[in-house]
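For clarity, chains are labelled A, B and C in written order, and residue numbers in each chain start from 1.
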Amino acid sequence: MPVIEVDKLFKEYKTKNGEKKVALNGVSFDVHEGEVFGLLGPNGAGKTTTIKILSTLLLPTRGSASVLGIDVIRNGEQVRSQINFVYGGEKGVYGRLTAFEYLSYFCVLYRIPRKQQKLLIDELITMVGLEHAEGQQIYTYSKGMIQRLHIARSLINDPKVIFLDEPTIGLDPVGSKMLRELIKSLSKKGITFILTTHYMSEADELCDRIVFLKNGSMSSIGTPKQIKEECNDLNVFEATIQLFDQSGLENEELISVNDLQHITESYKTIKLEFKKNLDISELENVLKKYCQVIKIQRKEISLEDAYIYLMKDVE
Amino acid sequence: MNILSLIIKEFIYFTNLNNRIYQFILFVQPLVLLTIIHFMSVMKGIEITGPYIIATAIVSMWSYVLYSSGSSLIWQKWNDSLNLLIAAPVSLFQIVLSKMLSNSLIAFISLTLTLFYAKIIFSLNIGIAHLGTFIFTAIVLLVSLSVVGMFLAVVFTTVQEVYSFQNFILTPVILLSGIFIPVESLPFTFRIISYLLPMTWAVESIYSGLNETNDVFLLAGVSLGSSFIYLFILFFGIRRMEKIMKQSGSLGVV
Amino acid sequence: MLLQSRLSFTFLSFKALYSYNSLKLFIFFRFLDPFIHYLFFAMITTSIVGSEYLTYVILGNIAFYTGRELFQNFISIFRYERRFGTLSLNVAAPLPTFVILIKKSVVPLLDSLFIFIISVLMAYVMFDVSFSWQSFWLLCGAGVIMVFALFGAALLIAGISLLFSNVNLFVNLLFAGFQLLCGVNFPVSLLPDFLQNISNILPLTHSVELIRDIQAGQNERIYHLALAELSIGAVYFIIAILLIGLMEKYAKQTGRLFDNE
């Protein structure tokens, strides 16, 4: 049985100007135990709305959603003790408390028996690697430390499901790698994660399955591999060139240039997409009309390429 | 005429009447205070006289100057626009002076509004015998308020701790400048501080004008004189502050 | 007792959210600030109506100041929670919001009682407000009743304050209203009839009278006043709980209110 079942979820808002806005437009998916499930899409696609509904903070306009078989709309209170969530950024902490105090505070909110609290907090603090700073006030923490503290907080009630809304936003590479490793090891223990992120490489590395949301609707769902395969008709190439006819290249019907970067004054790399299924030598011949080609290679499709391809018509 | 155009620009661009605290201080506070003193006088069965109405107005003027002028520079520092002012060819003194004069002009609105409320809502007799003298003494008060505002702006910017406690400056200054209680009735040490405040002399000069005594212009003269002495000190103080800021890249004077 | 354990919820709430948790700030805001408030009104009173009204005005202002700080503390707690982004974490926890609110209210309630007692002593020492020892204990009792009666109104006001992006004007107008309508500086009976009707259903009005009666040694009405104040307080408390429930529901439907500022 899936851990999370989402069926035709709709959420409509009224903006401050009184306009109606559709945040979710019939989203349906299932998530299985121990999966890391990614919700990807541009800002305003409905990722956070979905997470808020599933974590009982928001009610949908229509549709149903259940977590661990419990209806989140009708029995939100029962769900709360089995789930937890982490929002990215530095908010959600009391700067004047120490990590130990902060976690004690949430132990009360999550009704952890007093006798178990100390042992549990020590264990969590060690798990997220904050034992050296547990006595320091949180306002002295780096962003990465705050994020790890949030993970520790989210584990306080031994949740079966954790929602992560852009957990690595603003973290340095070391901090985000540490967090990713933590998520991987926890998912191996059977915790189900729902993750939103704007970092495609992160989603590729962590997620077992992904759903792409676009303007509140689902655009694709599958494993990262399946999603990339969906874009197999994409002929993406990367070339290093010395350009002599830019407008000609831009107007060429057979190719479209996705990304043009200046290496030096005269040398550039371009990422381009072939509109017909031609081979690399034919592409080189087309390009030679506008530039001298130094190097050209077919690029393996990344999740980011798939994302750009699938989201290209988003306003 | 540079300073005049600066004042006009300050007045138009930086007078933020959307600020909820300013709205309260300028428009509501005079009404609240007037209502309190009106009903207090009804409780005792006496009539409110001119000086008490003026006292209420001065409290509002002083509150506005304290909260607007006092914080004007420190806000620029927090918004990172103080550096831009320091870098401008116009001296910081001129900029600060224009800010304070513009704030004092707004404080003048508070005075007018209090008199308006007193007359229209409470039908009180303000009893201004010589309008010209009253306006003159009110302007003298505004000058003294501007100077005190400038002084506070500099102190708050250099010693930020004081800024956090600006509430603690409001009432003691009202007490010391003789707005409600005559300075003569204060203990000796307090009296010395009182007479060091240019506002004290301006307040006394306003009250003398209302009571039609002879020393109005003498008191106004002392107030203006002491205001200019402070202005002179401030001129060098702000120049020094500007220099320190350019040298150290910060305002960590204290 | 409540603050005994350094890890008790009450202590942690205090440490996390209370502005005055250093000794310097505590002295400034719990001794100097009330003193300056009373000084201002003592000054106006002496100047306009004479010192024979000083006791009357100071006692009214003790009640007002205590109430104002109680309201202010509740407003700050709610708004800090939202600014820190912790409001939604609290709301989403399994512990019912009502229980969390009650637990968090212990410190501001005790703090207000402390302000009240300090103010009464300050009035005795600095503003010549005289009373017997027996009256002092009765005054403390009146303080407890007042703080409890204002609790509901404080919750209500703090809840409403979340609806404002800038709360300053709302708060100042509200405090001005309490100052004018609750008989703080002059008797409610001087107000027009329709305003007197409002005064009588506001918390604080009866407390002000209660405190004045106790100080004057007139104990005939005190039980009646205490009961009236507690009843009004209970009504506000019920309204506050209903409002907070509604706000929670509204927040769940719109996604607003509990989000970061």
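General observations
Assume a residue touches a chain if its C-beta (ideal position, glycine included) is under 8 Å from a C-beta of that chain, and two chains touch if they have at least 3 such contacts.
Please read all numbers here as calculations on a predicted model, not as lab measurements.
Among the other chains, the CA centroid farthest from that of chain A is the one of B. The chain occupying the central position, as judged from C-alpha centroids, is C. Averaged Cα coordinates give chain A a centre that lies 55 Å from the centre of chain B. Between the Cα centres of chain A and chain C there is a gap of 46 Å. Computed from the mean C-alpha positions, the centre of chain B lies at a distance of 31 Å from the centre of chain C.
Those residues of chain B in touch with two or more other chains do not exist in this structure. Every residue of chain B that touches chain C in the complex is listed here, in rising order: 20-21, 23-24, 28-29, 32, 35-37, 39-44, 46, 48, 52, 55, 165, 167-168, 170-172, 174-175, 180-181. Of all residues in chain A, those touching chain C in their complex are 13-14, 49, 52, 55-59, 77, 80-81, 85, 87, 89, 91-97, 101, 104-106, 108-111, 117, 153, 157. Contacts from chain C toward chain A in the complex involve residues 7, 9, 12-13, 15-17, 21, 84-86, 88-95, 100, 103, 251-255, 258, 260.
On the chain C side of its complex with chain B, the touching residues are 28, 32-33, 36-37, 39-40, 43-50, 53, 57, 166, 168-169, 172-173, 176, 179-180, 185-187, 190-191.
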